[in-house]
Amino acid sequence: MNIFLDLLQVIAWICIFSGGILVIIGALGSLRFPDFWSRLHAASVTDSGGVILLLLGMGIHSGFNLITFKLLLIGVFLFITGPTSSHAVANAAWVSGIKPLRNKHKKPGIDK
Amino acid sequence: MLRSIFTAIFLFALWYLMSGIDKTLTLVLGAGSSVFAVWIVRRMDEASNFKCLSVHLRPIEFGKYIFWVLAEIAKSNWTVIKIVLSPNMDIKQKMYEVPFTQKSDLGQAVFANTITLTPGTITVEVEADHFLVHGLSYSFDDHAALAEMDRRVSKTEGIVDL
Amino acid sequence: MISTIPHFVFLIALLMLFIAMVLVLLRLYKGPTLYDRVLSTNSFGTQTVLFIGVLGFLCERPDFLDIALLYALINFVSTIAILKFFRYRAIGDILIEREAKK
Amino acid sequence: MIDTLTNTVLFVMLVLTALAIVRMERLFAVVMLSSVFSLLSALLFVTLDAVDVAFTEAAVGAGISTVLMLGTIALTKPTAKRSRHTAFVPLIVVCVTGAALVYGTLDMPAFGAYDAPAQMHVGPDYLARTPDDIDVPNVVTAILGSYRGYDTLGETAVVFTAGIGVLLLLSGLRRRREDEDEEV
């Protein structure tokens, strides 16, 4: 039983650690990518992977109690609002006419 | 009516789990406020055609769907991470149309949000029968993957009474 | 102060969030278009929520999570407000054109 | 040590954001940066255990005032006007004021000191009486909501009136603009 709990703690640490790395990668991507549209995708790495792993790690670390429930609530909320605000940014940019950067191979534009 | 009672109980459970206080006065106040909130929403529902209190989702199917989505998120995260960390950043951006088959607004919202939540694809615009999706590293397989996601979201939808 | 491994792990996570916040701030400062800035403000808000959560665990006061929850709500509301403002106000379109010209 | 670390890093980021705000000419970026500025200061309040102030800062600074400033930008110009005056006299005034404020903090008791005046007089009384009188776990809530209830009511009334006033002004402005459009 004790070993099992220790193992759970180790899993929690790994989750938190990799979640932190994902958040950094998301931020790095939003700094490195060449144009607005690709930066949107980098931000969604933070929004999905980073949030899931960090909250999961904290939830496992705290055991099962009211704290876990609050973490779950934060997670559900970020899951609903994160994509919605990304979509809102993308939609506003699209309406205002910011087009994706031209690639070497393909022309940007709508494709059926 | 049953739905309203369920909503009130759900709200009260949420309230209790957030506060964690079990004194009589606080509990009564919490129960009163959740009933009051449900009453207001019912009145608003009567005033407009849009029904806020009805959620047409099948719980078990939706639970399965969430696990499937988590796996998808892991996969697509990996793709985007590789692109971010690779020195020359192999980006193939493309806008393409994705048809959807959901009937209710909620189903469409779930599908669009899932597309946005998985890194690498973002819903840009909602049209009458399709979404406009922007992909970071476009390949022809993306259409099949998104069609699969569409099918799974449609399965979670319950009976829609429009 | 750092006596146990959990402390160490949370401290590392805190430092990582700091680094990510600085990177996002750089993008906010550079960001050529208006939408880049909105996007980085939004990411900064998400990182703030995570930061408060991690800080609560680091100081062993998980009641900070209430604040994190509230921040998630406020962040969402303000992002949507900003974008609605720029999308639907007639006067906002003029602003967008001006910003795009630069 | 952790407190010192977080405070230092947050303060550095705060100062960098402030410098960026000063240097920016495009006001939209300034609004976004000031929203981030108030998020950062809210984080500082959280680390200083002033949770209620942090709530207010996040709601007002990052939420409402961002929207209000955007509204102002939409009604005026999106770029800053270059000032013709030299910044020398204002710099001296700011430096002197800052030095005076820092000098003022030197006499203050240390953060969290048990013998600080704030902890000596009414504080313990409130702490002792709250469980019996009001029975809520958060003493700050008890003070704001009950012991100083009239004060809070007055504040709320002031804020509400201000909000109504701003709404009236804005709607009047929009109507006037529509009239102008019709004339054109």
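Labels A, B, C and D are assigned to the chains in the order they are written; within every chain, residues are numbered from 1.
By definition in this document, contacts are C-beta pairs under 8 Å (C-beta built on N, C-alpha and C of every residue); 3 or more make two chains touch, one makes a residue touch a chain.
Keep in mind the model is a prediction, meaning the values are calculated, not measured.
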Note = Contacting subunit A as well as subunit D are chains B, C
Most widely separated chain from subunit C, with each centre as the mean of CA atoms = B
Query = Centre to centre, by mean C-alpha position, how many angstrom separate subunit B and subunit C?
reply = 22
Ask   = What whole-number Å value describes the gap between the mean CA coordinates of subunit C and subunit D?
value = 18
Ask   = Any idea how many Å lie between the Cα centroids of subunit A and subunit C?
value = 12
Key: subunit C: positions in contact with at least two other chains   = 21, 38, 40, 66, 75, 86
Message = If I count partner chains per residue in subunit D, which residues reach a count of at least 2?
response = none
Key: Junction residues of subunit B, two or more chains touched   = 18
Ask   = Looking at which chains touch, is this a line, ring, star, complete or other?
value = ring
Message = Touching pairs of chains, all of them, please.
response = A-B, A-C, B-D, C-D
Request  = Can you check the complex and tell me which residues of subunit A touch subunit B?
outcome  = 22, 25-26, 28-29, 32-34, 37-38, 40-42, 44-45, 47-49, 52, 66, 69-70, 73, 79-80, 82-84, 86-87, 90-91, 94, 100-101, 103, 105-106, 108-112
Key: subunit C to subunit D touching residues, read off their complex   = 1-2, 11, 14, 18, 21-22, 25, 28-29, 31, 34, 37-38, 40-41, 44-45, 48, 51-52, 55, 58-59, 64, 67, 70-71, 74-75, 77-78, 81-82, 85-86, 89, 91-92, 95, 98-99, 102
Ask   = Contact residues on subunit B for subunit D in the complex?
value = 21, 23, 25
Remark   = Given the complex, residues on subunit D that touch subunit B span 135, 137
Inquiry  = Touching residues of subunit D toward subunit C in the complex: what are they?
reply    = 1-2, 6, 9, 13, 16-17, 20, 26, 28-29, 32-33, 35-36, 39, 42-43, 46-47, 51, 54-55, 58-59, 62-63, 66-67, 70-71, 73-75, 78
